[in-house]
Amino acid sequence: MADALFLAISVLTIGSAIAALEMRSLVYGSIALMGTLGGVAGFYVMLDSPFVAMFQLAVYVGSIAVLILFTVMLVKRELIFKKIEDPKRKFAGIGLMLIVILALGAIIMDSGIKSISTDSDPVDFREIGGDFLTYYWPALVLMALILAGSVMGALVLARREDTVENEQRTD
Amino acid sequence: MVEEHKATLTYTQLLKEDLGIFRLVPEDGVIPDYKAGQFLTIGMPVKSEGGKVVRRAYSIASHPENKKFFEFVIRWVRKPFPGRLTTELFNAESVSGVDFPDEKEIGVTYHLGSYTDPAYSKQVLALATRAPREETPNPGNDSTKLPSLRDMFYSVEFHEREVFEMLGVYFEGHPDNRRLLLPEDWADLPPLRKDFKNKGR
Amino acid sequence: MAEVIPTKEMPPGLQVENVDDRIMTLNVGPQHPGSGHMRIIVKIDGDYIVDADPDPGYVHRGEEKMAEARNYITNIPHLERPVIHDSCNILYPYVLGVEDLVGIEVPERAKYVRVIAAELNRCIYIQYWLAIYGIFLGHSTMFMWPAGDRELFIDLMEKISGARVTHAYFVPGGVRNDVPANFEDVCLRQVNYFEKRIKEYGDIFYDNPILKARTEDTGVLSREDAIRLGTTGSVLRASGVDYDVRVKEPYDVYDELDVHTNVLKAGDSYARSKVPWLDMLESCNIIRQALEKMPKSGSIRTKLKPNPKGGLDEVYRRVESGRGAAGCYIVSKEKPEPYRLKLSVGSFRNLIALPYLLKGEKLGNMPAVYWSLNYWPVEADR
Amino acid sequence: MSVIAPKFRLGYFLKGIFDNAFWILTIVTLAGIPLIQIVLFYMDLPVIDGELLTAFLAFTWLFNPTMQIPLIKSLLYSDLFRIAAFPGFGFAALIAAATIFVERKMLAKLQLRVGPFYCGKIEGLLQLAGDGLKLISKEIIIPAKADKPLFWAAPVLFVGTAAAFVALIPVAPGGWVVADLDVGLLAVFAVIGFFPIITILSAWSANSKFPFIGGIRALHQMVSFEIPLILSLLGVVILTGTLNLSEIVESQSNFPWIIFMPIGAIVFFTAMLAELERIPFDLPEAESEIVAGWLTEFSGMMYGLVQLGSYLKLYAFAALFVIIFLGGWTGPMFWPPLDTELIMEGTPIPNFKGDPVLTVHAPGLPLFDKDPNEWVLQEQGELQYTSGQLLINGVIWFVLKTVAVIFFILLPRGVFPRIRIDMLLHIGWYKLIGLAFVNIFIALGLVYAGVLGPGGIM
Amino acid sequence: MGTATGIIKALNSGVKHLAVKRFTLRYPEQKLKFVGDGYQFDPTTGVGIAGLKGRHMLFHDHCTGCQLCSIACEGVAEAIAMVKVPDSWGQNKKAIMPQIDYGKCVFCGLCVDACPFYALYMSNDYELSSFTKEGLIYTPAQLQVKPQVQQDSELIIDKRGARHG
Amino acid sequence: MSNELIEFVLVSIALLGIGIYGLAVKRNAIRMLFAVEIIVNAANLNLVAFARFMPHSGGQTLALFSIAIAAAEVAVGLALIIVAYRMYKNIDIADFRSLKG
């Protein structure tokens, strides 16, 4: 049963990843990307780490997908269908992809992780919380600063040029 | 800049006991260019005041393109109004066009009131003028034209649009001479002219 | 058509250079829950309205043209059609004008009955208006309460005239019929009850902090602009101009009654919506005074000749209706029909303020500003 | 004189009904029964009295009166029942339907009118059923240039997401919840995050201006109010130290958290109103500005599905408020506990000679029936309750509290006007987030002072 | 704090009204009571008598067939047509009487004012709807029938609000 | 736990390959952002998988960090795309030539 589930989720993940890049419409592409992200969340559930899975859903689907959709709708619609793609480049890309997959796959299959399996209990998410507050606290603070800075930067970038004039108007 | 001319009274018609039409022709015969809403100061020696020349300002009612005479519609005011007409104080109560097919003219009457002046606010001032009328109207492109009063009384904007579509009087200087109430593809006569017949009646 | 392309003045800061993809044109109406029987072509940039162009005329029926084919009496049921909620007040200037033309006197009792009927009708209209103002702002209770309490006044008008909305009650020379026997008691009782009721409106609507935050400082019409645009009625009085035809140029018996003019200074949507509310209280006050001073018996109608004719004359009379000054301009040419009849109504005069006020507002303010102008599309179209 | 429809013929009417019945029967026999068989084949089947309950066995037992009770019991503990009926979809849909009825009648009462009155004879009870029938029978109109797959999918996805939200809500002690996750609260946030996407997708796919403006507004509103929503619940998480909703409820057996965190409750309630698009925050559906917002182009049952989803969402949010701040199902018991022996052993009924021949268990089968495998008596002080009693008591308290919260969600609709979008965003970003942080600091203060939390009373 | 008190005041007002009696008139079960018998013209004072302006009533023994009602209606609605009646009356030699089309009538009552013989007045009957256009045309024989109108409800104002009882 | 580590690693490699393909082929800025997201997710999957099979909380912690930073990255990236769209009226990175200096 679990194997069938694993197969289904991997097909969903990889298929929607390909669809995300290859769909003609960008909106459908973003929906397919949501499928990929949801599939990865499914893998996390299978790996007994529901905390990360829910975090993935909440962050990726709840905010990043919304951002992407919003951007896609902001840019003009005709551009979405404009397809500038070089067939040569496409074949080169496929070749590169195959090389990466084959090389990395060969290396991995050769290495010793092939037979690793475990019977130990999964990590409780309370431990993660503990880690965050004890060992990783400087990283946590740094991440908070990075997040705040990046969001502010994004706001400043995406601000409309005439906002200053608007403020003058309200004065 | 004030010029004095002598003029003769050529025509009077008493409409009511206190309202009359007077036409003046200057003795040198030249009518200067003027716009609607401008006025003329008329002075007359009054016997009861010992022959002193009393000057009063009267609005010109005739059309600016009319180069034959000045026409005035003068009402005898029983209670004297104070002083002057201030354009700021007046607002258009209504602007109504009346079609006079017999006289080949279209009259436009501005009813003006005041909100701030306590004396004027009790009354409504009627300002009447006329424009030539054509049998086959082509609104905007024929001689049925009047200068717009919008620059003076801003509130006449929509009223003049209505008169334009209902009677075909084109208001020169009005920035927005468009249809207001009628549909955009109205191809019949302007409906308030007398030769537009009510269907079914 | 040789039309001049309109160039509207824009508030500073909203001039838009590239119009291609930022501006969205919305057709608000005529089948839009927030428009009434008209269309407003709104151009928005983000949430700001950069241009608004009202397009009335969807219910234009040519009352003025039709009136030229009917005599002075048969015009009565037709002229009240533009505002059936305020039918007495829209008929009032016409009746006064015809009385001037024909030259008849109105009995004293009829004048009082007319004043009472006009004030009752003003309450009916304002409650209807208030109901729609409530639902425009998403306050469904304010839709239902005035619509229900309106029944008090409709019942009274029905007792007087026999019809619930289209009364056809005023005629040149007086009124159509006498009031019923115990009308004074019933009227006093219902008016007193309504005065209690109107305070509840204040609790739930006018003192509501959300409503205040929403409508205060939106669509501000300054005193000078209100005069310059020629607005009238509650819009004018909300901008701080003390003007009411009932006080300034009293008709019938308004000069014998103590009429108080409600004036607010702010000139925003909130003030414009509050003035009619205060007007209703004032109407109750006037009704009470008129009931007191009314002669208990007497004639209520001077008989007219059949097919009365006006002289070669023109007349302009005006009254204060629920939406502001309502005037009637009649040109008569010695015929039983008017040669030209022009209704000058408050809605049409206030319409000019709509594009002026909407420019630079937020889209969310559009219903609040639009309906606070006391605009009744059917009346403006006539 | 008064004929309802002059062209009405009884024969045609009956013929129409028979036609429909014929086709329904045909479809059921040809497709439905095999489908049921297949489902039954793949289900995890329970073992009853040492026998594996197969589909065939179930059908034969249906006609055996003595075996019906075990069958019903096994059905009660199956996953299907939990998802479709009791703590899941059916229960929520029932409360949602009751909510619609209460909303209509209460608003009508507040606005001095009658409300639905004729349909269903008693105060318009069946009005909702009538409306549902109308919506089903209406034609579904899709705009010509709409993006059809997304447009069709949006209402279904909306209901699905709302049902997933409902599945996370525990309603009674003993694990009466569809999905009992350790990270239940985080899962709730993950599910809430789906709503804006569905909204914006449906708004975009309609290819119309008013839905698009409504969708953008809904997006702004939901995204900006998710943050205070999450922050306002963190105080409770800090104090209880768990994300499991059932454990959060059990931590409130002495007092509900609203006593210590009224600010958090107010923030959560306000954010909840905004997430639910209820007045005064119903900007996405502001009908006087943007016809019906993102619902403008929906018609027929698509509109009905969206409404169903939004009322399910309403129930789920109210239940979440009850679980987190009002103590969920905890409350005093309504009746004294049953005798232990009565439940464990049953009551022996003697025959006329006085010999016990038949043992009858407590009434109210199967809730009070003994089942040594699943039912364990729980102790509360000296009194002992069966879990069936606890279940009923818990559900009653839960429903009472939820209805009270729903009342307060509905009440603003009659009292407040709609606010403007910039005011809404201002409230969300400036006031509510600040208040939520105040709430978190209160919780942290209580923890560090040792009053509550892991080191305190708990 | 003004905001908070305002919100509480509004909520209080809303909750208070849950106990106020409903205003709605349940129309087919309850019917409003009107003044008098109907709108008619009083010959003694020369003015009308208040009452509901509903369907007309025609007194055949007063009607002279003078067509004044039809002329009065001409400019308003053109709802009145004069038709032949089979039986003849002494005062009505032409044997024509008004027939009223309620699809056009605006219930203004000018025809009642115009009738010099007080043959026409308006009754309290206002339930005139019909499924066909022909059903709205009332012949003189139909207009003669006095309507059976049952009205009982009146506006009651007491401490629990105004309502129709 | 019936699955083995190698399966997750293989899925992760496949995702990585797709991401590299997207980065190499696509010239649409938003598509490239998609590819980056896919690569980040592949890495996260590896992190969590290894953390599960050699039980240690570090992997999940790192994955959480990674998710949070990815959110920030997407926000900044989309803002950049919007700015570029406003300047060039296009989102094809081949058109962003003047950015080269």
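Letters A, B, C, D, E and F mark the chains as written, and numbering starts fresh at 1 in each.
Everything below uses one rule, namely that contacts are C-beta pairs under 8 Å (C-beta built on N, C-alpha and C of every residue); 3 or more make two chains touch, one makes a residue touch a chain.
Predicted model only: the values in this text are computed from it and were never measured.
J.: Measuring between mean CA coordinates, which chain is farthest from chain E?
T.: If we average the C-alpha coordinates per chain, F ends up farthest from chain E.
J.: Which chain has its C-alpha centre farthest away from the C-alpha centre of chain D?
T.: So the farthest one, by centre of C-alpha atoms, is B.
J.: Taking all protein C-alpha atoms shown, work out their mean, then name the chain whose own C-alpha mean is nearest to it.
T.: If we average C-alpha coordinates per chain, C lands closest to the whole-structure average.
J.: Quick check: which two chains are joined by the most contacting C-beta pairs?
T.: A-F
J.: Give, as an integer number of Å, the spacing between the C-alpha centres of chain F and chain B.
T.: Between these chains, centre-to-centre, one finds 76 Å.
J.: Centroid of chain C to centroid of chain E, CA atoms only: how many Å?
T.: So the centroids are 26 Å from each other.
J.: Centre to centre, by mean C-alpha position, how many angstrom separate chain A and chain E?
T.: Those two chain centres are 73 Å apart.
J.: Which parts of chain B, given as residue numbers and ranges, touch two or more other chains?
T.: none
J.: Going through chain C residue by residue, note those that touch at least 2 other chains and give them in order.
T.: Residues 69, 141, 148, 204, 208, 210 of chain C each touch two or more of the other chains.
J.: Give me the residues of chain D that touch two or more other chains.
T.: In chain D, the residues touching two or more other chains are 110-113, 414-416.
J.: Note which residues of chain C are touching chain D in the complex, please.
T.: 24, 26, 32-34, 47, 134-145, 148, 204-205, 208, 210-211, 213-214, 362-367
J.: Quick one: which bits of chain D touch chain E in the complex? Just the residue numbers, please.
T.: 1, 3, 6, 106, 108-114, 117, 411, 414-416
J.: Under the stated contact criterion, what part of chain D meets chain C in this complex?
T.: 107, 110-113, 209-210, 213, 279-280, 282-283, 286-291, 413-423
J.: Please name which positions on chain C make contact with chain E in the complex.
T.: 69-71, 73-78, 141, 148-149, 151-152, 155, 158-163, 166, 168, 174-180, 189-190, 193, 197, 200, 203-204, 207-210, 212, 299-301, 303
J.: Could you list, by residue number, the parts of chain C that touch chain B in their complex?
T.: Touching chain B: residues 1-4, 6-7, 56-57, 60, 62, 64-66, 69, 227-231, 236, 241, 243, 248-249, 312-314, 316, 318, 325, 327, 329, 331, 339-340, 342, 344, 348-349, 351-352, 381 of chain C.
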